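Per-chain numbering from 1; labels A, B, C and D assigned in written order.
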Amino acid sequence: MNKQLVGVLGASGYAGRELCALINRHPGLKLAFATANDQKGTTIMAGGREVSFIGTDEAPLGDVALVFSALPHGTSGAWAERAVEAGARAVDLSADLRPGNGREGIPYGLTELMRGVVQGAELVSNPGCYPTAILLALAPLFAQGLVAPDAQIVVNAASGVTGAGNSPKRELLFGEVAEDYRAYGVGNTHRHLAEMRALALAMGSGNDLLFTPHLLPVARGILASITVTLAAPLPDPLALWRAAYGSEPFIEIASGPPSLREVSHRNVVRLWATEMAGTQRPTLMIFSAIDNLVKGAAGQAVQNANLMLGLEETMGLPT
Amino acid sequence: MNKQLVGVLGASGYAGRELCALINRHPGLKLAFATANDQKGTTIMAGGREVSFIGTDEAPLGDVALVFSALPHGTSGAWAERAVEAGARAVDLSADLRPGNGREGIPYGLTELMRGVVQGAELVSNPGCYPTAILLALAPLFAQGLVAPDAQIVVNAASGVTGAGNSPKRELLFGEVAEDYRAYGVGNTHRHLAEMRALALAMGSGNDLLFTPHLLPVARGILASITVTLAAPLPDPLALWRAAYGSEPFIEIASGPPSLREVSHRNVVRLWATEMAGTQRPTLMIFSAIDNLVKGAAGQAVQNANLMLGLEETMGLPT
Amino acid sequence: MNKQLVGVLGASGYAGRELCALINRHPGLKLAFATANDQKGTTIMAGGREVSFIGTDEAPLGDVALVFSALPHGTSGAWAERAVEAGARAVDLSADLRPGNGREGIPYGLTELMRGVVQGAELVSNPGCYPTAILLALAPLFAQGLVAPDAQIVVNAASGVTGAGNSPKRELLFGEVAEDYRAYGVGNTHRHLAEMRALALAMGSGNDLLFTPHLLPVARGILASITVTLAAPLPDPLALWRAAYGSEPFIEIASGPPSLREVSHRNVVRLWATEMAGTQRPTLMIFSAIDNLVKGAAGQAVQNANLMLGLEETMGLPT
Amino acid sequence: MNKQLVGVLGASGYAGRELCALINRHPGLKLAFATANDQKGTTIMAGGREVSFIGTDEAPLGDVALVFSALPHGTSGAWAERAVEAGARAVDLSADLRPGNGREGIPYGLTELMRGVVQGAELVSNPGCYPTAILLALAPLFAQGLVAPDAQIVVNAASGVTGAGNSPKRELLFGEVAEDYRAYGVGNTHRHLAEMRALALAMGSGNDLLFTPHLLPVARGILASITVTLAAPLPDPLALWRAAYGSEPFIEIASGPPSLREVSHRNVVRLWATEMAGTQRPTLMIFSAIDNLVKGAAGQAVQNANLMLGLEETMGLPT
């Protein structure tokens, strides 16, 4: 089989390195270049092969079929568009081009819900890690109109430290993070809220969304714990997600609360839900677990790239 | 100063060992015996001194001023009462004698709220670790009637593994817990709910309480993240807790979200609250952090014992 | 391609589960059965597929081309021999059939050094995790007679907790292992010494071997730090290992001290060596890192099975 | 009791913060100032009290009885001497003034071995963390001339990350250190070697010293594993250390290999030794565990300060 050439901009971060590893193991893609201005000239191992970083300015954008842009927010989106101008397709992993961030209309690569617009697209905006876990959990409820109209949707989520990137910061040192746990982005101020609100609205929900992320002493993984008051009791909650996602290769309906280890290094969302006992109003607790670097970033980006390039959607993706 | 004699039943568990350490460093208490049926004859170091375990049946209950009972749930309460019959005072650390667990009327040792009944009491039931963190956070709201009557109080909490005890179980092995995170006691089924509901009712709140605990890959600490819809906006939320707890030696009002490290090995509750932005109904996010083995168990037990024995409440307690 | 059937005895331990995962992803092997007496009837996910455990007595040993036996020491070897009697080939992962353990003459599957006897063998004894890391590091020195005859070879090694299995033991709980580090099997008493001494002798070294393992607060990985006094200075130490292992697909000569993360989930040994500065006698420090569950157990077992079954040695093995 | 005033230069690092905490809990010392140029104006909690950082240039060196200098190597020693010129006593925690580092003759604060010169001294150079653990383990062997004259002393040691300071570096991020382990300062190049060699020589040992430190995924603690070939067999090795250190308040002779948890937050060295089985030459394995921030830095500095100021040596130090 003829492999299609792809490139990665911003390849030295955690998401960028994961992209290089996935591409190097992908049967249909070949890594043509990987850029990292601050580590130009450095060689790393990724997916069993060596990858040498070049400067972003040196990247031959027009020579590849598709460019993944994993540059910092504020820079990444423009580079993805530059890649499209040069004749490549592009997947942007930053917040720059996502719904709710000021640039509407660009296909949003939450693949399971957006296949129609992703297939064959020139430019796709890859979702944030938290929105991936949370929106895939909530979508079936929105689709069936099951959320009580006056309900507040309470999302408490926890992420491993790779979600904060690998730039050296004191608060991310091992000596600070080990044996610790805390909330951050408190008071409904996290960057991913805009994106989640835009999508929830598009799915017909005007409910208050209350989102509080926490920093976990683990390297990778996100668990979202979501509380939703229902319009009416839902006797068999799992049936809802099974009906919505039964044939999805990357969505698992678990038989108990999912854990980070169960999804580690895999391109899956693992979901479970249960009714809360002893309440006056019918209330659901929903859990959604992903690997923040795979289904929450690089894996979903490759899933989108597969569709954009006419490949099998599951190709090269670990389950 | 003449030290008063105390004993510990069930001293080999994490809470029991912490009790021994606190007592051995306490200027007003002296450890007369420590029991552990499964480790009878073993000697450990605690608080810089050696402690040798005897069988629980061999404990001279009547020879001490006060007995701490940290035996398993279902057994512990009866031993505490036996100690009282033998002429000692007793603090029971199990759920057996707590409100909502079938035996009402026994003083509940949530010290800051219950000083009146603890002072000089013969028998005190020590609160659970989660209720300690959660009820101290919520009490000022209940006292002022600030929670919206139709609101559901959503409590997501996370605990270190010492909260699950030190009996060998596969799911608590390092190889299973490291790099993992998951919910447990899901669907509003955790043992501590009864106790929290009883107290909330007593403080005038009939709101649904939705409680979901999670297991953290840390040894010690609890963080509760609490969402409350308010009856009306609260412009300066921290003022409420400052007014309620301003002079409390073991309650800290933080200047940002508290973390586990900040309370590690200390007998304090560390609180912070903030309004949620962009919501239709005024909503508060409250965070409460404790060391589950200190303020959540052994430390609070000593705090209660101090009051029961006529000592200074803060004596021997690390801040 | 026609897949050959294989079975796993003792599949619920860490090595057994890793074997199931490797087999389920292997292009030339198909898992016919997996046994686990204590978890009979349980289903787990391994390598993206479900595996259901049967009792070891129920295993149709004669229906498969090869049986991996990962049962406890003392039991495993006999089951491997039973599999051979039933007409299958067998790889035993226990110490039962290894050199120095009382049953000599069975091919020892330290693949890179023993290809001749492993290829096409009916029964192979898979090396211990520590001996794999240590013997591959030392072999080139022995082969060239470079160790000073009077030298003591000092091996300090550290292993992740999965090396101790997943039977529940108090000292392996997260609350005990996190933030801890200690030696075990002290005083030259570890089970793997017999095997290492037998092999060292076979390679011509009668030097004292001083082996001290340590328990690391990580899930997986082994690092051996080896001190060797040389008969004469070795100006370019890495050249020795490059010459010995240059074309080996599973041996990497690093450019600095190797780390556990670099070999995690990979079937490789990563080696590095340097001369010690400021000493009176020429002395080498050698470092060898492996993933204890892959190259140190399940991966090497599959590597051996590939050779025994006439498959490509590298087939299905992650690098 | 009248508390004596002390100050801390370089108080924002891990050792500096530990110093502030110890001083704030010390019954005989009072913290007059704490400096941190990069965090000037910041307030932290240490030892249950608030500490506000001033610039190092603003420190009133002459107003205190003693200054602890925990500034970076290369700067710290000169500041300690400036404090002495200003009329204070000083303990320097850097390598600047230690033996073997170019400035001989300054009292070396390995307290248990150097009480005579520390008592009442004006200026003391506080030992490195590794030398503290290693020299206290080896001293009794040197004192009795028990090491074989031709022996190489092999020291493998492992340290928690706080030993590397809290300046943000990529390789110290939680995402890099968790689940990892590696050697550093390889080839006998670590800064602490000079100091250990100078002391070993002073104690009569000309043996090769082979020192290899490793980085552990824990916050605090050092374990040194030391191999020594003896001139003659030593039937009861522990008797040697018991005889040498029997009455020392800060040295514990353990009954098995010591672990990091056993010494955490304590100002002690915990030692154990055993003969190696099955060797041709009599060989000892010695283990020495300390908390790198307490006995390995701040605790020992306070121990020295107590002696310099005429206080009880153990005052304010946690055991």
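Miscellaneous remarks
To be clear about the criterion, a residue touches a chain if its C-beta (ideal position, glycine included) is under 8 Å from a C-beta of that chain, and two chains touch if they have at least 3 such contacts.
As the structure is a computational prediction, the values presented were derived from the model and not from experiment.
Touching chain C and chain D together: A, B. Following the contact convention of this document, C, D is the list of chains adjacent to both chain A and chain B.
Chain centres were defined as the mean of their Cα atoms; on that basis the chain farthest from chain A turns out to be D.
Chain A and chain D have centres, each the mean of its CA atoms, that are 46 Å apart. A straight line joining the Cα centres of chain B and chain D is 36 Å long. Within chain D, contacts with two or more other chains are made by residues 160, 176, 178-179, 217-220.
The touch graph of these protein chains is complete, with an edge between every pair of chains.
Listing the residues of chain C that touch chain A in their complex gives 45, 48, 178-179, 262, 265-266, 318-319. Within the complex, the chain A residues that touch chain B are 152, 154, 156, 158, 160, 176, 178-184, 186-189, 193, 197, 208, 210, 212, 214, 216-221, 223, 225, 227, 229, 256-261, 264, 274-281, 283, 285, 287, 289. On the chain B side of its complex with chain C, the touching residues are 14, 160-162, 166-170, 172-179, 217-220.
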